[in-house]
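Letters are used for the chains, namely A, B, C and D, taken in the order the chains are written, and counting of residues starts over at 1 for each.
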Amino acid sequence: MGMPLELNTLIVTKGNEKRVEENVFVLVKQGYRLYPIEIPLDVRKTLNSQSSGTALIKKVIWENETTTITYRLIALNSTN
Amino acid sequence: MGMPLELNTLIVTKGNEKRVEENVFVLVKQGYRLYPIEIPLDVRKTLNSQSSGTALIKKVIWENETTTITYRLIALNSTN
Amino acid sequence: MGMPLELNTLIVTKGNEKRVEENVFVLVKQGYRLYPIEIPLDVRKTLNSQSSGTALIKKVIWENETTTITYRLIALNSTN
Amino acid sequence: MGMPLELNTLIVTKGNEKRVEENVFVLVKQGYRLYPIEIPLDVRKTLNSQSSGTALIKKVIWENETTTITYRLIALNSTN
């Protein structure tokens, strides 16, 4: 009917991110997800883990029931 | 995790609309749905039925896993 | 043309919230804003102030170019 | 503050589409726009022109304040 999407306010990597540049990572997630772009977001390894840093999403691609985000880490949590 | 929502571009009533004024109806749908507000949308009784008219959504409420829309019919399809 | 909306991942009160119950507040914002519902969000007095707590949005209303949210504070920052 | 986006329920080409395959076109629009993917949408040359056909969006890219959509025409309006 409509288009299912999921509004996300965190980047949860589950360790699946691929580094493409010094502080830039690409992450593929299942389904269509709506992330704010160019807004500081917490990055976590799992939903319930501590924040591992803060990132800005620079690019979002929706295709074939997947969402691919490219994000730049702008701060790391020193406690991690 | 995230918030599931459904992007809708049609009003599918399934006959559940309640008339509240001459051309104004309230419809409750399950789940959180994102509808464009104040944009002309097709109104249909079922997803695959002919358009029964065109409406503007005037109000959207999200609460308790439901979406309640109030819409004003602005045109009726004469073939219906 | 389309419907302008703003994706928000924080509750920025600017001191405009109205208490309606012990930990429940109502806040009216200009424009149509998309907030995640039932997801823990930071509450701040201004965009750049420290977090004053964490809340769950329980209800969102879009009408007349405004967004009205009802949120329940679930944690207060003790440093504030 | 938040992320401005525009919810779109039509594809308005303004003649800027580029054909990349028989019935597949790429169109770049300013700003971040939320389009339903894999849902039949009207295609129009201008907002107020007649529908020139129906398309399915297959891919959406958000980057650098632009939205790039790839869509497949699935029906043409014979009156055009």
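The definition used in the following text is that a residue touches a chain if its C-beta (ideal position, glycine included) is under 8 Å from a C-beta of that chain, and two chains touch if they have at least 3 such contacts.
Not measured: the values here are computed from a predicted model.
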Same or different residue numbers at the chain B/chain C copy interface, by half rule: same
Chain pair showing more contacts of the two, A-B and A-C: A-B
Selected pair, out of C-D, B-D or B-C, that shares over half of its residue contact pairs with A-D: B-C
Separation of chain A from chain B, taking each centre as the mean of its C-alpha atoms, in whole Å: 32
Inter-centroid spacing, chain C versus chain A (mean Cα positions, whole Å): 23
Multi-chain contact residues (two or more partners), chain B: 2-3, 7, 9, 34, 36, 39
Residues of chain A that touch chain C when the two form their complex: 7, 9, 34, 36, 39, 41
Contact set on chain D toward chain C in their complex: 1-9, 12, 33, 47
Residues on chain D engaged by chain A in the complex (per definition of touch): 2-3, 32, 34, 36-39, 58-63
